[in-house]
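In what follows, subunit A forms one complex with subunit B and a second complex with subunit C.
Here is the complex of A and B:
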């Protein structure tokens, strides 16, 4: 490591000035749980580091009439502790609680989880299923992007060198809208996802599927939406047969995508169970009173 | 080279650091607080657990400069009124220490847990130490010790 300058900033403005000056030679650090390993392995070689974990504005979670906005430096422990997320957004809390260990959840942030874009990032599937929007800021410019477009490949996000992810926002859920999450890891703690699935359902009065978003982690180069399965399930009646058929359809997709990988044999089967669990939880969540 | 102020165990240190140092390196090599151990160096084992602003973190995953302005507690700062902290006493009594390498981190995870939740269930204790690996004890003695320590801290002495 040849880091020459380190900055602990308290304001977004100052951070953006540093990023503008150093461009690609500066890395943003918050929890550090991914970056410090990359630095030590020589995968990242910045000459400057800027710590954003003390910027109050980035550590806030806000609830407005329509939206939930989560600051990029909000830790997983913070998310787990927010009382108004426990009912309607229990799936997001569950995903946050499944990350690493207490020590990691105390440090690691939602913004880091997104920008690092690990294929197995636990918070990405639920946020994709919520069709979350990322807010990106650089000097004098703020732009918004769908999370789905922001994550471009394994470990890659559409973040410019002088840009800072400031918050992630998504619409609050109403009655008849629900989110479910399920994860398969090899043990209870410190388990990197082998499969993680999030399902969002918007249910019509007649129990048909008005809208559905399915997002997977660890089943591709990065967290991604399963559009073909979504299309297939649209307008279908939400019953056991549909869930079963959805699982089979997803299995076919995974089999194609992971063709030639050693894990395909188990993942194509296991994904059915993980999907069904997430789907059932999403349906249960539809019954929970809104608006969050 | 950069000079920073670190507040560790209530004492303020002025210390010169290299920009690429981790907090773990400064604690051990500059401040000679070697109770904090380095195990895996990648956040899996919890041997380097410290308490920073009332929550546990792995000192191998914090850059030294990030520690400035924080309240840091290492195992050297865990003390009782006279000698041992009740958690340490319970660890000794329950045989929760074998090789001892995980113990400082384990005690700090236990302290952070009991500070927030004075009467944890056994399941909560297991979750509380889920970021700390122990290759000797099989964990049961550690869980017993933390359960006993919670009773000590609530002022309930148990009679065997």
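Here is the complex of A and C:
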């Protein structure tokens, strides 16, 4: 089987019609940095491709009173360049900047990163920590779901065959809310994450942890939340001891999850350092003026 | 938490095939009817700059700019064998062969000039900018083109060959002179080790490189940058990950080599002590610039965390394992 048709559309409506017609036999392509390799290796065998990289609506980043909305075909280079993300959402910018190389970041999109659902996807942990929502569209129907529910397994997302991920949205951060990100790659560019961690903290006036979301990449079958560690840290005073204990708790979780894998000895140790960096950055971010 | 350390390593390296093996380079120098000089030598240019350096040597002998030397090294049907681009030997070996060929050609051209100009000897003759003339009376001179026109053959050609001198080592005693010349090199590096994640970053580096005589400083500096990058990859990145005889890291997504962002600035110090048997005193530096990098990095890691890593590459996995082992012992 080989690709028989390649469509390039300029509007969502047309894309949805193509998807409805071809169903599972069609793949959506945006930057193609993952898909092209999968096609070449024969891991994906669609008969049609629909290119969404020229749909203006999907390439927009919007700021509303309460939300940030990022179109699914927004590239990492675009995200890195948005001035209003640089302070309060520096962690998201950092994650976007850690993807591949300039060439890859110019082509690769946030929507592709999510739908490809690689365990090592760099943007998934910060978006999980932000409790991001994905907006999915099919002919006549728009639905929303939490990113956490959308990514179901390694390389799997809850995207129906005739559905298009149109945008990702999350609430803007206020003062005393902070996001931190840290990635461990084995070199400074073109490095696939060995561990990536994002931490969101909502801090109370008395320096206690009102709400916390911790998300990891490359430490399981897909990007995931560390709920047990979150529960453990809730209501705790945000100081060095807490960070230390959180790291130990996380290590225990990773040790259980990766049991039997050759990487467990290294990852259970290294995760402590990566977590601490992300946690400290999140606390620093709490002090940054809101609302973005 | 990060810890810094400094490390040094120095090496000496015998260039050439060595151990008594005949290490021969051949070259031909030719004066064309247009008065231009062509050098033929089967020395492979693999990006190391052989064409530039070998042209410079011929140009120096014949008193012209290296741009005026036509160097042919790619076509084996018209070039004599100059051996492999290996063993850091092309500058020294083929450089010598080309120098000899160019000198032989020059000698012949001077003989023709003496006859044509009606001189008594070669004393006081200069060879410069495409002509041969008397220094005390520059009007008395003849251009390369005129010399070429006086030659009956189509081209004036002279060969040159150079065979390096080494002896076989005695198999019982290990004695002998298996290599000549030797090139010396030293690296100093500063590293930062993240003891929580096991990553090593090289912050800065300095290379002191013996060149004998530097034929082309820019090319030597380029070789040092490239050599350090390879040594850095060898020391901390490049891992074949062989499991049950199979190479697991069989593509460049997982067989990591350093990127430009991983390369520190390398300060270069070129040390010139001319080698009496080298062309203008030059020695080979191709391999020497790589060798000391990895041991310097491993010494710096030891200086930073007090652990002697005895296997390369020092990946974060291995370093974390070693750090935890040290903690357990303490």
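One rule holds for everything that comes next: the second predicted complex is superposed on the first by the 291 of 292 C-alpha atoms of A that agree within 3 Å, B and C clash if a C-alpha of one lies under 4 Å from a C-alpha of the other, contacts with A are read in each partner's own complex, and residues count from 1 in each chain.
We adopt the following convention: contacts are C-beta pairs under 8 Å (C-beta built on N, C-alpha and C of every residue); 3 or more make two chains touch, one makes a residue touch a chain.
All values reported here derive from a predicted model rather than from experimental measurement.
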Which of subunit B and subunit C A:273 touches, first, second, both or neither: second
Touching partner for A:190 - first (subunit B), second (subunit C), both, neither: both
First, second, both or neither for A:100, with subunit B first and subunit C second: first
Partner chain(s) touched by A:54 [first = subunit B, second = subunit C, both, neither]: first
In the superposition, subunit B vs subunit C on subunit A residues touched: B
Partner chain(s) touched by A:77 [first = subunit B, second = subunit C, both, neither]: first
Partner chain in contact with A:152 - subunit B first, subunit C second, else both or neither: neither
Contacts of A:265 with subunit B and subunit C, given as first, second, both or neither: second
Set intersection of subunit A contacts, subunit C complex versus subunit B complex: 101, 188-190
Contacting residues of subunit A [partner subunit B, same complex]: 1-6, 8, 29, 31-33, 36-37, 39-40, 49, 51, 53-54, 77, 100-104, 106-107, 188-190
Subunit A partner contacts - residues on subunit B that touch it in the complex: 2, 19-20, 22, 41-44, 46, 49, 55-58, 60-63, 65-66, 68-69, 109, 112, 127-128, 130-132
In the complex, subunit A residues that touch subunit C: 101, 184, 186-192, 194, 263, 265-266, 269-270, 272-274, 276
Subunit A contact footprint on subunit C (complex, rising order): 1, 194, 196-199, 237, 253-254, 256, 258-262, 315-317, 320-321, 324
